[in-house]
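Presented below is the structure to which this report refers.
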């Protein structure tokens, strides 16, 4: 079930927080990629289907600098194969002591039209990556070459990232709060539902700024809240 | 012993670092809320008496999304009851894997005149909260709804926050270094003492920028340092 | 083997990531000071020979506030003795629960011409330190006075900092990714090699922005990549 | 809903692992008290209703050794009030750096007929406590007096222990794997169900020792497994 | 390169510590499976070729208890397919909050002739597993069913276990210190070398008990040490 | 102030828990070596003056296996120089990922009459070390040679061990709860005081086993408790 343009567009307008609540209603509690943050929190929301790369711990004799001379090295191969519009998600086993990737690879992903990149480890050249247009998320900057601790071993298999399960094709959404994983077959309905939820949250925020109490308003247990919201939607055209 | 306006005003002009030193002189070593940071480090210093909320781990069957339809739910009740001028302090058991609160509740606290909010967990909608006028402090952004891991259970009881003891009414001061807890009955004398200490530190900083050695100056073991400081105070009117 | 001006100048133009790769080629995998970040990531690259200070855990009876009245207290003595151009490196045993130093000491280091300061603990007055010209690196802000947990015990001995070995005289380089430790006797050759590597990386980045694949280019396994790079160097005068 | 003798007796014959599976079927995933172990793993299974004690971080001025001269000190009061047959559960905020209790208090609990004690911190005099008849569970031994880090603040309120929610009256079961929390109103049905599950597990274990594959047997997807189990029950009188 | 009986027999007589030193001489520093311990430290040394199972984080909707009714479920399939003489190694992402396996599966492995089992998570029914003949290693006991946090996803692929790289066929050796991973193609030479090293270590231990200094003896920098060792070997027939 | 035989004998009869309380009364809260345990908890209490060894992180090029051929290597030198009756304390920076020492060195310490050994890292050959007569304490077993992560750099300097300050000559006491550090100049008075405290604790334990409440007894706020204790002492001859 590929990610439709319509679903992508909707998800770009909602927050990871709202998505988490929608997933929670369905019994999904561990879809947030834990302890990962945007290199540039001011970027627009990232949306795309997951294309994954799995790292295992590096063994010294298998990881001289020369391994990258092999065009089939999984890290380099994955960077060239990740589809435009996808989000490149790396399972670094929550280990940021060596880099998951650096500026050149992330730039290549941007040029190839990839929608974003996430690792539960860290990026090197973090300041340069932050300035790129492509949204990027990691745990913390990490200068050592990835060979120091990581060996790329599998492309596009199910992985863990920040303690969350990620299956290829799951939809990744990232904003200033971090990244959430929407199971592929739920993406469309979550997108629709969260657009609606967001309208109500925006209405509530406006009313709260105007001085209204959250009781009866958030959630809308007072009948008046529902009436006011309906009026607000008409007025706002949402 | 309520926090007087005079004490509040004094504390707004001093740093958490200076307060920690004053507390240290009295044998209080664990008053810093550990590993908590401002969402917007450029905000003015936060000062207020602690109003507390205690979370326990959430049990799935007790925490459907519908619990918030109860107007007496402790989280929502606490937000409506926290006194203007107070600091809302949440014991999230140092667990940022789910949100302690989000943008709407924090906005409501701001509108109600609350002086600030602190959790040793994390906030969702962190970018929006950072833009509010109310100062806010947490460990890291966290999008999952608080029901995922937290159940609000007690209002305004003694709690731990970031390994520091917090009693209702203790005075919380927060700046770019984080938040410190001043026992209520010490607030006035700490305020007075730290204003004095700050004057000396400002004098020292100025002299150090002018090239003077810290030896004999910081602390003032040279008689000349005391003489110069007296002159500086007169000149500055402090 | 003192750090020459020429080596210092070269190192100011390269990244910690590139240096890590050069060290990795020589079998040195643990030279990155782990989990340390710049207080102001926009500062120029820090370069200098390490001058070290070792902290041990503080014992309450030995660390009243009055210890700083002793002009020979190792922390204060070290600040006055650190040579201009050096980097002041503190072994805080990766414990940021109390400050490694504050604004006044760091200002004094700046005035004395010190090139930078690094701790694997935290600084107090972090916002002020960030505004100084001197580059500074720590784990996170920490307001409690260093006496709360740290006792300065040794000046300019070999230490650990962020799990990396640091010998006095080793060359410390710091940028937005953090700080790396170059063994003193390797500094000159690493500087020369990384300047060359940086030229190639800049060339690659430019080509990748232009749309070229990384395969055959990074590393330069295609003959054409080498030819193009030679032309690029001539054109750029590098 | 008090714990009946019949339910208690049943729970004494089943394992925490089996109970966890029964809770999991009901959507309860966080009922295991994490990272807690028996001081003597060879003791019989502990069963009892939770009587709780909540610790907050200790403040130095409030916790001189003399506080225990107060007969109303919550720690001492709780030890004298915990009902016979109950399990004494302490919320130590997962901090074993100071003791949750020591040999004398645990001995008193034993003499008073208490069924067991659990903390997510540590006990002092651990070797002596291990030799008592009363089952005890902690994270690791910890000699410092509890005043060093803990202040008893609340008796028999809902708490967290090892990241699990514990409400007074919940049924705690402990064996070599650790401790699990059964919500009070589920205890009877969980006891009944796990006795049944245990019978099947014992049958399976016997068959596996005899050489049978787990496929079709565990779980019983082969019809023959059900037939054999029925025969086994008749033969064993279970 | 399958593990020969001769190599297996040699490795059963040496320690993981000696093997680590032999690997260290070859530049392999990360072959110890970190933070894993035997359930019964008194068992003989475990030796076997790695057969691996990879877990990813569990997603709630994909992991009802009924998944085990599928005979092709990778966890159950792996248990039936692991070759006799092999060591079953599970990548649990260092997460012991739910079980990696329990008594029935481990018993089945024993009956099938498997040489041992290792996880960097935890086992449930730990006391029963400890009593089996098959050696077992984990981080700590963990009662919750593995579905709570783990989903078996891949059989016999390269994995990480306790931060060490494990390729299928690598030779796993386990004793009271834990488990070490010998790359398959080094097993024979490491076995031969460590048998020799062990002879010398046994000789040294005997001499040290007799009162000899370690200087010149360990390592054998004194000529006399070598002469004495040669005599000792002749006397002992080693 | 050397440790007298009389003080040593007294300390052998008291527990680390009682010593911690006596230190706490003097304002010393951080003297417990955190997260360290005996390899054999059934050994008699260890007592001796601290002789220290400091490790820094290992740098690969400085730590080939051949470094031990140098008779002046600090680790080997320290083992030969540690005085009989002393406790050998190693600062391993709380890193047990490589061994602090192994069986041969610990055996040599035993033969030389050393009173015990403590590291905040781990020992290799842990099962053999546990069987020696010399008491030993560590975090967990660790097979990799110490060169993998540690370089011995300083002998008998002030160190941190398990977050506690250790000065050469401080008195280390170790039992099943772990190890505590008594400042050298307090050892005699702490020994005297804790012998007295232990008498009272033994009396209390006996009374509690007989059924007496802890209120009024522990601490002795009831006059009767003091009278009974006096009688008990006379009867027991203590």
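For reference, chains read A, B, C, D, E and F in written order, and residue numbers begin at 1 within each chain.
Rule of thumb we're sticking to: a residue touches a chain if its C-beta (ideal position, glycine included) is under 8 Å from a C-beta of that chain, and two chains touch if they have at least 3 such contacts.
Since this is a predicted model, take the numbers as computed values, not measurements.
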Just how many steps, at minimum, does a route from subunit C to subunit D need if it may pass only between touching chains? 2
Quick check for the class: compute each chain's Cα centroid; which one is farthest from the centroid of subunit D? C
Compute the distance, rounded to whole Å, between the mean C-alpha positions of subunit C and subunit F. 37
Rounded Å distance, subunit B centre to subunit E centre (Cα mean): 49
Please work out the Cα centroid separation of subunit B and subunit C, and write it as a whole number of Å. 31
Among the residues of subunit E, which ones contact at least 2 other chains? 27, 29
Which of line, ring, star, complete and other names the graph you get from chains that touch? other
Interchain contacts, given as pairs of chains that touch: A-B, A-C, A-E, B-C, B-D, C-F, D-E, D-F, E-F
Within their complex, state which residues of subunit F touch subunit D. 15-17, 19-21, 24-25, 29, 32, 34-35, 37, 41, 175-178, 180, 201, 204-205, 208-209, 211, 213-216, 218-219, 221
Under the stated contact criterion, what part of subunit C meets subunit B in this complex? 65, 68-69, 71, 76, 79-80, 97, 99, 102-105, 107-108, 111, 124-127, 140-145, 147-148
In the complex with subunit C, residue positions of subunit F that touch it: 26-31, 56-62, 93-95, 151, 153-154, 157-160, 163-165, 183
